[in-house]
Amino acid sequence: MPIKPEEKAEIESARSQSAQTRRATVPALEEVLFTPMPVLDHGFVRVIDYMGDDSAVVQAARVSYGKGTKRVNEDRGLIQYLLRHRHTTPFEMCEIKYHVKLPIFVARQWIRHRTANVNEYSGRYSILDNEFYLPTPEHLAVQSTSNRQGRGDSLPPDEAARVLDLLREDAMRSYRDYAYMLNEDESGKTVDESRSGLARELARMNLSLNFYTQWYWKTDLHNLLNFLSLRADAHAQYEIRVYADAMIETLDKWVPLVAEAFRQYRIGGAQLSASALTVVKKMIAGEYIDQPASGMSKREWSELMAVLGR
Amino acid sequence: MPIKPEEKAEIESARSQSAQTRRATVPALEEVLFTPMPVLDHGFVRVIDYMGDDSAVVQAARVSYGKGTKRVNEDRGLIQYLLRHRHTTPFEMCEIKYHVKLPIFVARQWIRHRTANVNEYSGRYSILDNEFYLPTPEHLAVQSTSNRQGRGDSLPPDEAARVLDLLREDAMRSYRDYAYMLNEDESGKTVDESRSGLARELARMNLSLNFYTQWYWKTDLHNLLNFLSLRADAHAQYEIRVYADAMIETLDKWVPLVAEAFRQYRIGGAQLSASALTVVKKMIAGEYIDQPASGMSKREWSELMAVLGR
Amino acid sequence: MPIKPEEKAEIESARSQSAQTRRATVPALEEVLFTPMPVLDHGFVRVIDYMGDDSAVVQAARVSYGKGTKRVNEDRGLIQYLLRHRHTTPFEMCEIKYHVKLPIFVARQWIRHRTANVNEYSGRYSILDNEFYLPTPEHLAVQSTSNRQGRGDSLPPDEAARVLDLLREDAMRSYRDYAYMLNEDESGKTVDESRSGLARELARMNLSLNFYTQWYWKTDLHNLLNFLSLRADAHAQYEIRVYADAMIETLDKWVPLVAEAFRQYRIGGAQLSASALTVVKKMIAGEYIDQPASGMSKREWSELMAVLGR
Amino acid sequence: MPIKPEEKAEIESARSQSAQTRRATVPALEEVLFTPMPVLDHGFVRVIDYMGDDSAVVQAARVSYGKGTKRVNEDRGLIQYLLRHRHTTPFEMCEIKYHVKLPIFVARQWIRHRTANVNEYSGRYSILDNEFYLPTPEHLAVQSTSNRQGRGDSLPPDEAARVLDLLREDAMRSYRDYAYMLNEDESGKTVDESRSGLARELARMNLSLNFYTQWYWKTDLHNLLNFLSLRADAHAQYEIRVYADAMIETLDKWVPLVAEAFRQYRIGGAQLSASALTVVKKMIAGEYIDQPASGMSKREWSELMAVLGR
């Protein structure tokens, strides 16, 4: 259970307050505001704040004095046009802020999206919690043979059990020795008065990469779509993909028209190379074409056949 | 008067609507939301949307589950500490969106702040309004002799009048010929059926740099402070400084504790060089020091004496 | 002729010098280094400096201690893989710096690519040259009827002549009055001692958007490819497209393997939406499908048919 | 010794090659190009490539056709003027690329400088080396009492020895189990044929934050100065400060005039707040002032007295 009782109380207190605003407001997102969506064994994603809605995209594209919207169908059409033709700036006019709890090795991938604003819980100032990620057995998989960057089938049960034992024992020892070196409890009080304690900025180096960290992460809608299209992709590591999937749920609530266009033009479609386009034209014309004649590599050819469902 | 009646109606309509929200809300900023603050002869700045408040800075710095704030004095102290020690990320957790109408030559300086999100009214799609900037006589000044990048005393009245005549006549002719080349009225209807019209993306090149454009401009609080400290500075061109001044008024309403710290640590203080610091130490010790002995150039020396009020 | 004799002499002098370096060096690009490629009537693009080559992309992808390259075919394959799978960071490891002379209205589009480094010639410090862009008659076109953002057929010859006269006269008057208001010659000497001159930062507002400016523009290879794919596109305004076309020539000299992959995966292919992919699958299967049955708008359908060459 | 023999051979081979170039070239930096400077127990920094020199800053500020430089003293003066007045864009015209080997917890601080380009060695693709950071005993220190973010005195020898034992044992176990779970040797060959191996992207989570990673890191000179002023500062953690110190050595070789100005205006001087400036003025005027009368907090007052050497 990722949330402690005092944290839960803080969240409930924040949720219980409300105010009048003239700003664009999205009831479906307000409904879940501040509420953590569980991800992995101890992680979560929750929306902390947002700016704008579907209409704000339209309003910015039209540089309006007022709401700038027309009938829903016209707004939907404009949003689709903008996404299809790679107009990025209107989507930058919406902003969202998340609070995320995630394993450090996931945070290391995530942080490579440089356009976001980030405030991470600091192991220099504060003591980290004793929480680490352990995969479920079905997510413990062998190295993929077809893809150097990925995983294949699940491990046999006995091997999975052995791996989980190692991960658990090492993480527990790692934290036990971290706590020993710090020699202070959560409130900062010395535990063993007969010895000093190691500075927090040093002791933390003993923790392993499956320990959880947390951060506030804020981005605009354009960069959020980029993040989601890369991290919700089948090639992304499972442990970051589940965060992206949870965030797509918040996208649906926040900006439903943009989310619809995102599925149509960004994640539901396909990018064809020049050679692939030539192949597709020949296939439509009923001409026979195979991989050797296509000029494509075997790998690209099989990627294309997968896209075409053949 | 920069706002047309139909625009005013749109603004009033937007201001008349409100909704409940769980988000951080700032009544003082809500009060002026959407309302244009006049700048120069036809320009304005107005706040369109905002995310966060003083507490959001504190909350992010503490990576809180709830509001994250303590007593006002502690929050003030933390905000001052953060700004003094160049912690930038907590300030990135607040965001603001403006609608700005401004002369093109001002827009060309402004756009160099690359971290903002911008949607500009497009002269490729739309017809630009017949509005251009004319300085007031007291702002028509000679080139500065002490500063290659600036202006000195005002022009004599007869010269100022001559300059204003030239600027006005040239801008009017510029627009008249722009409209002639377009050969369409505001609604897109052809004016003279006996001839074609030039494409908008071409005709606009005839307009001069004092014509007004407008954009939606959105930025986080950290980058807003950078913008304001550079553009509200005495070295900034007057025509952009007045926009920065108007925006500082919105800063005061939005995040009063940050605005206070900004005055204390960013615009009210001074940066001393290594040599300047040595000079100051000697002066405090009561030692005599002059420019030649300081190792500073004459210009730097006089800049330092100005800072020290001597 | 865009280059003055003294500028030409400076360029020749720079070209005549050379030194030994251990850095990656590209002879084909060295050959044209510093040499202006003419664009439009007074503009140019020239390469001022570069960092890295095709191998630098490979070397970074492999985080190598040495050159990191293997056989050319393996390097080509890796570069194609990286571009196909949207790996952006290896391409950021190459950098190029251009000196560009361009009309202000083109500069205003160009500057929206925010990731580049830019140093523009300053009209606050310096006097701008009397050079403005006049389109050739065949590029003077009517507003497109099918595309709100673009141009259609060329103007009839008499109308084109009339437009050119207006553009020329207005630009000449604009500059004449700019020079009058400045009241100084190129060397900064007062022309008419009986009157003052207007500050440069003010006088420049009288110039129209077809006047030329110039800048140093530096970017990494990843962002250069983004720029080129958007600005060499058929939807880009002609006056910026010709700059992108000239820069693609420098890309071919600098990083031929990347340029080849760029044509294959970025500008030679096509992005299909989810609906378009369904249509393509049906067409390959020999099923009849038309626009109403496709769920696509007329405009999207005709865009797809154009892509498929039907 | 951080460099393996085959890596050393690759470096030597790269260093032995050279070519003619027309680009700005810096002999003092060429001298050390590719050579690793050791940092911490297994880390290093080495310059892989660079673009521009002191003159390139000047050339960009002047938007020159040729080298753009004048006499050294004028160039020095211009560079100092630019840095003093916060002109950032000319410094963005130089670029440098490093190869860095560093502990993961240092990499996590470093990566927060978002404007750089980074290619990190990937634990999804590749097996990480068995190398981890152990502080020297004198750098094992207690938590600072005056600064929540830092360290104080060194630990007593017996405690330091105990801490080092824990860090070493945990890291060794961590890697042993990582290798066991992978079940493959460096060449990718299965070690124990009777069982599968865990995917690399999963196994890596067992490594602790003191393990070394490596990356190519490329940035422009402006952002490098920002990085160095923050990370070479006394408040930065020791383990990142030693990297910044090594990089300042490369700065001195690369752009000596900029390095000189950097010491004068960025790291050798001081930022005074509005209140601090008032205090300094009073002290110079010989007036008595103490902390309570200054309106400054005790902490700020003591920071100011430290700056003034009192």
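So that you can tell them apart, the chains are marked A, B, C and D in the order they are listed, and the count of residues begins at 1 in each.
To be clear about the criterion, a contact is a pair of C-beta atoms (placed from the backbone, for glycine too) under 8 Å apart; a residue touches a chain by one contact, two chains touch by 3 or more.
Predicted model, so just to flag it, every value in this text is computed and none were measured.
Counting the residue numbers that touch the partner chain, subunit B and subunit C have more than half of them in common.
Chain pairs A-D and A-C differ in how many C-beta pairs are in contact, and the one with more is A-D. Between the CA-based centres of subunit A and subunit C the separation comes to 34 Å, rounded to the whole angstrom. Per-chain Cα centroids separate subunit A from subunit D by 29 Å. Shown for subunit A are the residues in touch with two or more other chains, namely 89, 112, 118. Those residues of subunit D that touch subunit C in the shared complex are 3, 7, 9-11, 13-15, 17-25, 27, 30, 33-34, 49-52, 56, 59-61, 63-67, 89-90, 92-93, 95, 97, 99, 117-121, 214-216, 218, 220. Contact residues of subunit C toward subunit A in the complex are 77, 84-86, 89, 112, 230, 235, 263-265, 268-277, 280-281, 283-284, 286, 297, 300, 307-310.
In the complex of the two chains, the subunit C residues touching subunit B come out as 103-105, 108, 111-112, 114-115, 118, 122-125, 133, 135, 139-144, 148-152, 155-156, 159, 163, 166-167, 170-171, 173-174, 177, 180-181, 184, 195-202, 204-210, 237.
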